[in-house]
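For clarity, chains are labelled A, B, C and D in written order, and residue numbers in each chain start from 1.
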Amino acid sequence: MTDLQFLTWVRGPGLDIAVGIFLLGVLWRLFEIYSLGRSKDLSAPRRTPGASGLHTVFRRSLPPPGMLKCSPVSYLGGYIFHIGLAIVVFGFAPHILLIRNLTGLSWPALPSQFVDLAAVVTMAAMTVMLADRINKPAKRFLSTFEDWFTWAATFLPVLTGWMAVQHLLLPYTAMLALHILSVEILLIVLPFTKLFHAFTLFGSRWYNGKVNGHRGVPV
Amino acid sequence: MQGSLVDAFARQGVSRRSFLKYCATLASMMALPPVAGRAMAEAMAAARRPSVIWLPFQECTGCTESITRSHSPTIEGMIFDMISLDYQETLMAAAGHQAEAARLNAMQDNAGKYLLIVDGSIPLGRDGAYSCIGGRSNVEMLKEAAQGAAAVVAVGSCAAFGGIPRANPNPTGAVSVSDIVKDKPIVNIPGCPPIPVVMTGVLAHYLTFGSLPELDAKGRPKAFFGETIHDRCYRRPFYDQGKFAKTFDDEGARNGWCLFELGCKGPVTHNACATAKWNGGTSWPVESGHGCLGCSEPDFWDAGGFYKALSLPADPLGIAGAAAVAGAAVGVGIGFANRAKQGAAKSAHETTTLADLEK
Amino acid sequence: MSASLEKGIRVLKAVIDAPIASYFNSCVHCGLCAEACLFYTETGDPKYTPIHKLEPLRRIYEQEYTLLGRLKKIVGLSKAVTDDELDQWQELVYNSCTLCGRCSAVCPVGNDIVYMVRKFREGMAASGHAPEGIKSAVNRTVTIGSPMGVKLPAVLAQMKHVEADYGIPIPLDVEDAEYMVVLSSMEIINFPEYLGAVARIMQQAGKTWTLCSTAFEATNAGIQIGNSDLARVIVSRIVEGAEKFKVKTVISPECGHAYTALRWEGANLIGRPFSFEVQHIVEVLDEFQRQGWLRTEGFETDKLTFHDPCQLVRRGGVIRQPRTLMRSVAQNFVEMPDAGYMNWCCGGGGGASAIEEGEALRLEAFKKKKTQFDAVKPDRVVTACANCRIVLEESLEHYRMDIPVIGLTELIAEHIPERNKPEGA
Amino acid sequence: MSLDPIPIHVVNPPPGESALTGNAPPLLRELAAGVRRLLETGESSAIDLSALPLTPADLDWLQEKLGSGEISVILQAGGVSTLNETACPGIWWVTHHNEQGAVTAQFIEVAFVPELVKAAPQDVAIGQEYLELMIADL
């Protein structure tokens, strides 16, 4: 298989398969999770401003009092790599083009030098997070194969994308193909691993905020 | 025709200075150090003209057109006169049995020394019957001619990679030269057609240094195919700034912005168009406002559409809708099963008593 | 599989709901909940990471309610939960969890971990894996009426003492009273001052109130052990009493989980909304003060701090009220670091204080609280939970720290002007 | 035919941005080294400008720095070539055009006389023959 044949496959049938499994998985899992339902809370609610499901969905993005100092690497590393990923995924011109092609939505791209920097910073942050996972007793204790695997599945698309743009190691064509392939792997595993938190996070925060909002606790 | 090159040039009215100037330009084009120009000139001045046999197979003659008329009548064209082109159907005066005899003679006289140039792909379907010359199939002729060749030059994407004849569904079973010839050095000069100076450059290299130039993994001379179109493109700064033409007649197109979104394959195409240009350095596809088609890469014809940007899927979301429906169906199915299970567990629950707290 | 394990798993299958499914799917193993748990921060033992305490529940969820989990179980990638495993988990689910809810407050993906621990305890209790200490507390509450074995005569005796001490009659079984006061056994046995304080406050405010001879006990060990059926039996006594005497409001005593049991779980346990309101005594005091029904005079001059009971702040939403009350009677009120919403648990909530074998761990975890106290060095600690008070007293003594602990209601009552006393009498 | 009707005007580099890459200044040092070598050993050298990542602005900068000297040679051989002495004697700016007038190669040569300007002995010999024929015809 030549590089271009490889690229053609990952752009064509490969992407179709990956997006298909991704959509199938996301809908399947969302129904599987949320169809379990929950019982109505019969106790009299206490209304407090700032305490609701929606409040928590947003507020939980900030560290609660005292926690930032307690675990700075988790918070700062987490912020940097999530924001970095967002910049790289949604700010890079070829990615926007892909999104426009799929959804019709588009927006101005960020300069590629900036996206490039963001990619490097993201990878650095992810590396630090990995080291933190190895070093911190609680994190290491909790870690299973899935944690290492999903780290790699998230890191590789950034790495291969960056290497493709920088023309490192392999010819652009081969690197671009590997980049798309790694994204496809990410798409396929996302609904079936902890990466699914990208979707359930909103539900979880909302439930937590809802239960506590009922009690007037602004969590 | 025998004799040294420089004599032949002199007979053509080409001065020594013209020749030196040509060598300097060629060296620059091939990314050789400036001193190499002088070395080339000296070597070429003394070179004997090698015998060249040019076999055309499943082709359109575009490669021959390119090499003969591009810079005509400049020196690149002349260098073709300066080799002993013993067989070239399109250019040779002889025809029919005479032509075939010339080919066989040349092969015999220069056995092991002649340079074999091939353009066009080789059909293997129906025992090669799709393309025959004088009643003999292309594959048969290629094998025969390759046997006594010092090296093979596959000119054009068809000879190098199979090209358009090999595009899906490849009705003739077309293959490239390197699919058939395994025991000779092969230089691929892909392109549809290839850039003339690239073809003459390879010949010049062979003439001067008696060897083939350094090749990349796809058998292409690195001097010309080492960089992508994108890397050398004068519109590259616009790509880096995220300025793209969205249609062929918008503001971006008029401002000469990057054609990536209009399907330019420059980032994955290795060729020298951006530097060597076409028609005597007049222009090249991107400069004239059209994206690169990627013609010097294998299977460019089937690489997902000329006007579809590289980052786009070839067939956007063909099965996505079906997958979403299937996912929802699976999810709802599991949901019902889960609710049933949950309900069963609830109704099977017997009110616990103090005794139940013990195991 | 033993019958009890089967029963436990069936109970868990019934209590697993969409929030639990969402929570387990959201966990990214970031370990932040560990940093929020005093059992982890003080021991450094990663097994005390809150989300890990739910591992058997997670597997049951995965195996029962997800397609991939079922497949994993069939091919042997996911092991079934066993009695032995639940035995091991007893320490994690009861001894090292006070249901304080700090983990739920910090989880970045929003998992309400303590909500899951509460549900997991349902299965643990039903399969016979609850600790002996809590089991006997439940037993005494259901059979005798109170976890400490207090019976009505003891309450009547205390009433007499209080009436004698303060000269205020303590109403019992009075119909149509505005407020029904319930007590925790600790207040009957260890801190009778509470009843006197309530009597004085009610007198000053001019409110009608009553105790109930069939429902004087507010604590609910059924909630702590995690058994809704038994918790329902216990809470129903109060509901019946309140409805019989047609009171408007039931006042939950200075006890954290009694408040949770009555205020938040009660209606859900009996399956219908209450016909009366439930307020914590601190909420009542705050309301009285705001309405001008409660007037205090004079100020404490020594350095006081307030320990927030977890069930009152994080799980109850009573955050501002105790501070307003403290400032009305204390000149030198100081807040500990992390006080309020993120306050650290005394280490004995959620039934943990009833587990004898958990005492060493509890004292170890108390170091967190000690650090908080050391930061402000208070002369006295005020709190609003009798259980916190007992645990704090015991632990402070263990660490040889001379800091008395008092109840907020008593503190307020001490500042009620004496001359008002005859008015209501 | 004029190219003007085609509505494409390439803006390169984009307005408002300096097109200097910073690649030109080091070439001056390389030239200085070449001149030293020429003086010490008589060895000539050359820099192939088309092989370097230089923008038109870089080339203009370089040309402006080097200035122009006293000699300009125009070579008519397979298109025009210009060999101009710069303000630094010994440094020659050599530009080759093809027959269509497009630039095919650009060099800076460090030599007392550029290679192409010198007449080759073989050519001089042909000239001699020609002269002798002329004399014989007198």
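What we mean here is this: a contact is a pair of C-beta atoms (placed from the backbone, for glycine too) under 8 Å apart; a residue touches a chain by one contact, two chains touch by 3 or more.
It should be emphasised that the depicted structure is a prediction, and the values quoted were computed from it without experimental measurement.
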| item | value |
| --- | --- |
| Joint neighbours of chain D and chain A, given as chain labels | B |
| Inter-chain pair with the most contacting C-beta pairs | A-C |
| Identity of the most central chain, Cα criterion | A |
| Of all other chains, the one whose Cα centre sits farthest from chain D | C |
| Centre-of-Cα separation between chain C and chain B, whole angstrom | 77 |
| Separation of chain A from chain C, taking each centre as the mean of its C-alpha atoms, in whole Å | 38 |
| Gap in Å, rounded to a whole number, between the CA centres of chain B and chain A | 40 |
| Rounded Å distance, chain C centre to chain D centre (Cα mean) | 91 |
| Touching two or more other chains - residue numbers and ranges from chain B | 241, 330, 334, 338, 342 |
| Two or more partner chains touched - positions in chain C | 16, 65-67 |
| Overlap residues in chain A, where contacts from two or more other chains coincide | 28-29, 32, 35-37 |
| In contact (per the touch rule at the top): chain pairs | A-B, A-C, B-C, B-D |
| Chain C residues touching chain A - in the complex, by the definition given at the top | 16-23, 25-32, 34-36, 40, 44, 46-47, 49, 51-52, 65-68, 104-112, 115, 263-268, 271-274, 277-278, 313-317, 319, 337-338, 341-342 |
| Footprint of chain B on chain C - complex, ascending | 2, 4, 7, 10-11, 13-14, 16, 64-67, 83, 125-130, 135, 138-139, 142-143, 225, 227, 229-230 |
| Residues of chain D defined as touching chain B within the complex | 7-14, 45-48, 50-51, 75, 77-79, 81, 96, 98-100, 102-105, 107, 115-116, 120, 122-123 |
| Chain B to chain A touching residues, read off their complex | 218, 228, 230-231, 239-242, 244, 260-261, 267-268, 270, 294, 297-300, 302-304, 309-320, 322-324, 326-328, 330-332, 334-336, 338-339, 342 |
| Residues of chain A that touch chain B when the two form their complex | 2-5, 7-8, 11-12, 15-17, 19-32, 35-37, 93-95, 97-98, 101-102, 108-113, 167, 171-173, 176 |
